[in-house]
Amino acid sequence: MAYNWNWEVFLQPSVTGDDTYLGWLLTGLKWTVSLSLSAWVIALVLGTIVGVLRTVPNRWLSGLATAYVELFRNIPLLVQLFIWYFVLPELLPPALGDAFKQSHPLWQQFFSAMVCLGLFTSARVAEQVRSGINSLPRGQKAAGLAMGFTLPQVYRHVLMPMAYRIILPPLTSEFLNIFKNSAVATTIGLIELSRQAQQLVDYTAQPYEAFIAVTVLYVLINVTVMFLMRRLEEKVRVPGFIGGK
Amino acid sequence: MYEFDWSSIPGAIPLLANGLLITLEVTLTAIVVGIVWGTILAIARLGSNPVLSRLAAAYVNLFRSVPLVMVILWFYLIVPQGLKAIFGNDIGDIRLTSALVAFALFEAAYYSEIIRAGIQSVSKGQIAAGLALGFTPGQTMRLVVLPQAFRNMTPLLLTQAIILFQDTSLVYVIGLSDFFGTAYKVGDRDGRLVELLLFAGAVYFVICFSASLLVKRLQARFAK
Amino acid sequence: MKLLPAVLTAAVAAAFLTTPAVAQESATLKKIKDTGSITLGHRESSIPFSYYDDKQQVIGYAYELQRKIVDAVKAELKLDKVDVKLMPVTSANRITLVQNGTVDIECGSTTNNTERQKQVAFSNTFFVIGTKLMVKKTSGIKDFPDLAGKNVVTTAGTTSERLLRRMNEEKQMKMNIISAKDHGESFLTLETGRAVAFMMDDALLYGEIAKAKRPADWEVVGTAQSKEAYGCMLRKDDAGFKKVVDAAIAQAQTSGEADKIYAKWFMNPIPPKGLNLNMPMSDEMKELHKAPNDRAYE
């Protein structure tokens, strides 16, 4: 059966009259990007804290941090998302759970997906942070302490600045992953890019155009992020050290 | 407070076990095909033929920049005619076939990057030595480089397998009843979604956590 | 082994000779004959039309008609047995899956309308519904205007989804529309309090109530926003297949068989909970059974 290509379909107003189909795509892009960026902030902050805790000389703290990482790394992202979205509101005190469930659906979907993606990725970031810190020569920490810094100060001024630079490449790939993983939010109905791809198939009956357009947008996101992270790597490079060439 | 009722789980064990078999089928197929196809891609990428090398790089980069959800949907909604042309009309459950193909092709891109790094970790001297012994380049790759490369990257390949095992839950988007899909359906059917989702999470955790402990032990032994 | 080619040739020749004329012009019938199998698209939670019972077996009013159609196809092609494959579809992917050849015929709860006729063909109508609302009895919601500013759920890819969105656009009702994956998930959304109303075809709403934990808590309200005809979906431009399917449905309707199936699913207790939907036949349905047709309402 010959396929009727029709790229102009994106310029047509949607049958529901709220926008053009191109507008639907851009809405999807907007949600994908804002979900990924806000989850990334959570992942960086929590991942740094947990990663640092895994390296501190306190069995309880490091044990707790290890448990956190193992928990979020060993349950599939989709299952975690459903637990955040379907299970948690039922376990909250009824008043709080109902308030959440009666809020704007988009907000519920976005909030669940953001927290889920953020925590899921934070466990991975924590592993990178830990290996970054562990890869530094032990003398650095000793030197910092000998100079009279407190342990938090040693982390803040000596260890972390180097560790971050070392783990920048793996962090870049985690950052890229978060954009890809954000597509999982389609399962709870958030109108991000891959959801819009499915809606476009349903509404326009032009499946190839819809899927190609959305795939291209994901590739573009990927290329843009890689470009920006390369620039960042060049900028923070310490001459004579790893990555400094 | 929410009142838990776990009573629908025991009766659903046979259904859930069936689902787990589907999960394992997708995982194992993707591992085997992914590693074989990934090795070919890695060798093509590192090889001297510029066209093959570019094609392999384009394949890997494309699959690595698109979400797995999209890849699964591509193979389910968009290309079944192609699949039918290849496998014939009698391919049974199109959802399973398209999931198997999607996962295998997708994982190959990730495995190929691991394998490429593994090949590059073998020192150049080894290749020179192999060639000096009179091996052809193909023989050198097969008999000298790959055995060492695979030994070096086994832990990484296994870790990727655990991630893959978790990712197979995404077949939910095409309605295939893997372990997670079955748990969801049972929960929906009995109005006990909360319990079933928590149960599914616990099962995944136990399996993946044990597997990752095994990988760690293996890694320690390799490091010796 | 020279015998084998000879036997094959004879078999092929015989196949050609016995193939009815209609199979020649229908791609779908030819495929069924060649492969000996047919793939039926069904729903997972379109109660009471097409859904899983608690043993994951497909049952329902539309499914029974679908099996009648399979029998008719078998008779038409003079096949002893046809391998029946079942493929669950959702509202959002059913049209694509019929178009791309994954399923040969879908019977469930699909409305025949002119918009969809551009993409697929429809069989004779087998049911007529109106789109209404399911709400909690205590909610105080009586009709569509009460929904302004509220969370409303419907199933993705249905005519109700389009109607709701259009209502939002034209009447500026500022409803927050949640599009769930399937009717089961839509009802879950309503039941857990995420939405105050579930808009869907009335028969399906009664079906969902039959599944609810406390059926007495729910009711179906509102002025029907549209009248819609359900048909089985087929690929376009396959007159030969459509003729067989239409005849099978018309035969069931005029012979009184469809009345019996109707009574079984709408006037008697049905799985999974053994609840009776108590939906007497509407005038439209009676008329349809007297004069089978494939007309869309819009």
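Letters A, B and C mark the chains as written, and numbering starts fresh at 1 in each.
Basically, contacts are C-beta pairs under 8 Å (C-beta built on N, C-alpha and C of every residue); 3 or more make two chains touch, one makes a residue touch a chain.
Fair warning: this is a prediction, and the values are worked out from it, not measured in the lab.
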Worksheet item: Touch graph of the chains shown: is it line, ring, star, complete or other?
Response: complete
Fill in: Longest centre-to-centre distance from subunit A, chain (CA-based)
C
Worksheet entry | Inter-chain pair with the most contacting C-beta pairs | A-B
Response to the item:
CA centroids of subunit A and subunit C: separation to the nearest Å works out as 40
Fill in: Centroid distance [mean C-alpha coordinates] between subunit C and subunit B, Å
36
Discussion item. As a quick test, compute the distance in whole Å between the mean CA positions of subunit A and subunit B.
Written reply: 21
Worksheet entry | subunit B: positions in contact with at least two other chains | 77-78, 193
Item to complete: Could you tell me which residues belong to subunit C and also touch two or more other chains?
Response: 93, 96
Fill in: Residue numbers of subunit A (touch at least two other chains)
86, 90, 187, 198, 201, 207
Worksheet, complete the sentence: Per the touch rule, the subunit C residues reaching subunit B in their complex are 31, 34-35, 37, 44-45, 52, 54, 56, 85, 87-88, 90, 93, 96-97, 100-102, 184-185, 188, 191, 213, 272
Worksheet entry | Residue numbers on subunit B that touch subunit C, as the complex places them | 15, 76-78, 80-81, 84, 89-90, 92-95, 175, 185, 188-189, 191, 193
Fill in: Contact footprint of subunit C on subunit A as seen in their complex
15-18, 86, 89-90, 98, 101-102, 104-106, 108, 187, 189, 198-199, 201-202, 205, 207
Discussion item. Could you list, by residue number, the parts of subunit C that touch subunit A in their complex?
Written reply: 92-93, 95-96, 99, 115, 118-119, 151, 156-157, 162, 165-166, 168-170, 176-181, 192-195
Fill in: Residues on subunit B engaged by subunit A in the complex (per definition of touch)
1-2, 62, 64-70, 73-74, 77-78, 162, 166-167, 169-170, 172-173, 180, 184, 193-194, 197-198, 200-201, 204-205, 208-209, 212
